[in-house]
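You will see two complexes here that share subunit A, one where it goes with subunit B and one where it goes with subunit C.
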Partner chain A sequence: MKHVINIAMKSVYVLMPVTIVMAFLWAPPAELLGDYSRIIYFHVPLAWVSVLAFVVSGILSVIFLLDKKNRFSGLDGKSFNSAAIGLAFTVCTVMTGSIWAKLSWGSFWNWDPRETSIVFILLIYIAYFCLQAALAGKSSRGKIGSSYLIVAMATLPFFVFLIPRIVWSLHPETIINVNRTIYMDDQMWITLLTALISFSVLYVYLFNLMNRIMVLKHRIGEHPHAAD
Partner chain B sequence: MRLIRIACMIAAFCIISAAAVIVVLPDGARVCAGNVISDARGNDPAPQQTGKSAPPEKEEPAADTSKTLYRVTGVVLVIWTGLAIFLFRLDRKVSKLEKEITNLK
Partner chain C sequence: MVRDILRNLQKDFRVEFRSRFAVNIAVSFAGIVTISISLTAGGAPFPVKVQSILLWVVLFFSAMNGLAHIFVREEDQGTSLFLRITRSADSIYISKFIFNQIFMMIIGTVVTPLFVFFVGVDVIHVLHFIMSVIAGGFSIAASTTPLAAMAAKAGGKGSLFTIISFPILLPVLWISISSTAGALNEARPESGTVIFLLAFSGFITAISILLFRFIWLEN
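Showing the complex of A and B:
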């Protein structure tokens, strides 16, 4: 089973080039936006993975706080790693989004509801890392950090799903819209789906790698000469 | 430090991919973007639907565009190759260390 998961994670080495080729060469350009629309195959999956990473960090924090008997080790560290990946991907989402906004709307930043929401999300998670740094070496670090991540996760539905749907936005209608109809050609939809899978696998791969490094650091702490 | 490196590489991958699209694409595609600027700032508040492919009359500039798209794809693939080599080597080093520590026990 572990072997199968390992192979599935390493499929990112194949999936990502396939996504790139599909995004640039196979998918047709979108109406009005032309070839610039191809950024969607990177921008949307990055945004999806950042939300996924934040949700995973929140869920791991819940498990960490409920796990009184300490059955699962290093959950606070894992939630930290997931939040870190989420933050990195959110920054990438903002960057790709800004470039696209410049091309489509004429300005890098328009204070669109989605843009404003992502600023709040960024601030919330940057504050988490400040908190973790301030609590370094203290025994309460895990509990306080996990509690913060749960509160941060609770704010996500408002910033990601609710506010952009309530306030009028420059952003196009979401893929899962009011009419529950996908306004996309089959080729575009398949490419977007492939990109979503590729970036999700990339997240799982990075998350696993970071967790393994964390465990290694811990073990090397126990055996200081192991890395010599 | 590893996280910062990985984050920087992913950011570089995304920025250079997007920049490659902007720089390499010919003017034909920029005209398409110009239409959207006027639409988004006009009176019609309806959100843009980006999910439909371009109509067939845009096939003429598409010949130039497809040529440049191959270049963009090449650039992005080279960047991904760099990132993949970094991740693969990191993975291998971690596996090696894990084995060494297991053997120590």
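Showing the complex of A and C:
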């Protein structure tokens, strides 16, 4: 089973180049935006992985707090790692979104509800890392950090789903084509789905890598002279 | 449990009114900022949106000066260990929650009339304006109570409480500002904003009650 998971994770070496080739060479340009629309194959998967990483960190935090018998080790560290990946992907989402906004609306930042929401999410997770830094060396670090991540995860639906729908937005369908709907042909859909899968696998790969580094650091910490 | 909550509240109010530290700081801050705004504006009228933004900036930072104090004091004076042994986490949370709500109401009651008077705010829909201030204040106190406990556990270092509270409170501030601006406009205000604030408070309070024991208890 572990062998299969390893192969699945290593498929990222194939999937990412395939995604790049499909996004730039295979998928046709959109009617209204032309070649600028190709950024959708990076912006949407990055946003998806950001939310996925934050939800995973929240779920791991819930399990960490409920796991009184300590059956799963290092869950607080794993939720920290997932939040760190989520933060990095959110920064990339903001950057690609800003480029797209400049190309479609003429300016990098418009305080569109979705832009505002992503800034709120970014600030929440920056605050989480500030809290973790302030709690360094304290035994309660894991529990308090996990509690904050759960509060953060609970507020995510307000930012991701509620606010963009109750406040008027430039963002969603209007820029894809002249009919003002999200109409994409089959090649575009296949490319977008491939990108979503590739970025999800990339997240799993990075998450696994960070967790392994964490375990190694922990071992070195426990046995500082193990290398001798 | 009700007896424990009442005893905690009695203790908290007795300690607070012996020193009046948190209330004095928050009210003084609000007064200074409001008068500074009025003085620097020199009587020039602000647009409705700016008035509501300034009101909530004053309320938010006044609250930040005092809301964490209830937990920071327990940690500083070493009484949190005693409370952990003698009282249940739920009773501690509910008493601190009620204390912070009353504290926020005091801040709102002092700051809002002062702001209306000095900045020359023309309130058109008075009931909606009062409801917006009450609902916004309620949301701020509800959201910050568990965060205050976290900041206190981290040693209450500097502005950590403001840093961890601000992003969670942003939707509350955003909606409160738009709700207050609605009360200052001629057009009929939407009650949905007040409902959103109360719903958000209820949601955060429910999660906080579930999580508080993990924040409060050491093991």
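Criterion: the second predicted complex is superposed on the first by the 216 of 228 C-alpha atoms of A that agree within 3 Å, B and C clash if a C-alpha of one lies under 4 Å from a C-alpha of the other, contacts with A are read in each partner's own complex, and residues count from 1 in each chain.
As a convention for this text, a contact is a pair of C-beta atoms (placed from the backbone, for glycine too) under 8 Å apart; a residue touches a chain by one contact, two chains touch by 3 or more.
Source: prediction; values computed, not measured.
Within the superposed three-chain model, A:31 lies in touch with subunit B and out of touch with subunit C [touch as defined at top]. Using the contact criterion defined above for the overlaid structures, shared-chain residue A:187 touches subunit B, although it does not reach subunit C.
When the shared chain is aligned, no partner comes close enough to touch A:63: not subunit B, not subunit C. In the superposed pair of complexes, A:124 makes contact with subunit C only, with no contact to subunit B. Of the two partner chains placed by the overlay, neither subunit B nor subunit C lies in contact with A:197. When both complexes are overlaid on chain A, the residue A:154 reaches subunit C alone and has no touch with subunit B. Look at A:55: by the touch rule set out above, it reaches neither subunit B nor subunit C. In the superposed model, A:100 lies in contact with subunit B only, and not with subunit C. Those residues of subunit A lying in contact with subunit C across their complex are 65, 116, 120, 123-124, 126-128, 130-131, 134-135, 138-140, 143-144, 146-148, 150-152, 154-155, 158-159, 163, 166. Here subunit A touches subunit B in the complex through residues 13, 16-17, 20-21, 24-25, 28-40, 42, 46, 81, 84-85, 87-89, 91-92, 95-96, 99-100, 103-106, 168-173, 175, 182-185, 187-189, 205-206, 209-210, 212-213, 216, 219-220, 223, 226-227, going by the rule given at the top.
Interface of subunit C with subunit A (complex): residues 146-147, 150-151, 153-155, 157, 160, 163-164, 166-168, 170-171, 174, 192, 196, 200, 203-204, 207-208, 211, 214-215, 218-219.
On subunit B, the positions that touch subunit A within their shared complex are 2-3, 6-7, 10-11, 14-15, 17-19, 21-22, 25, 28-33, 35-37, 39-41, 45, 47-55, 58, 62, 65-66, 69-70, 72-73, 76-77, 80, 84, 87-88, 90-91, 94, 97-98, 100-101, 104.
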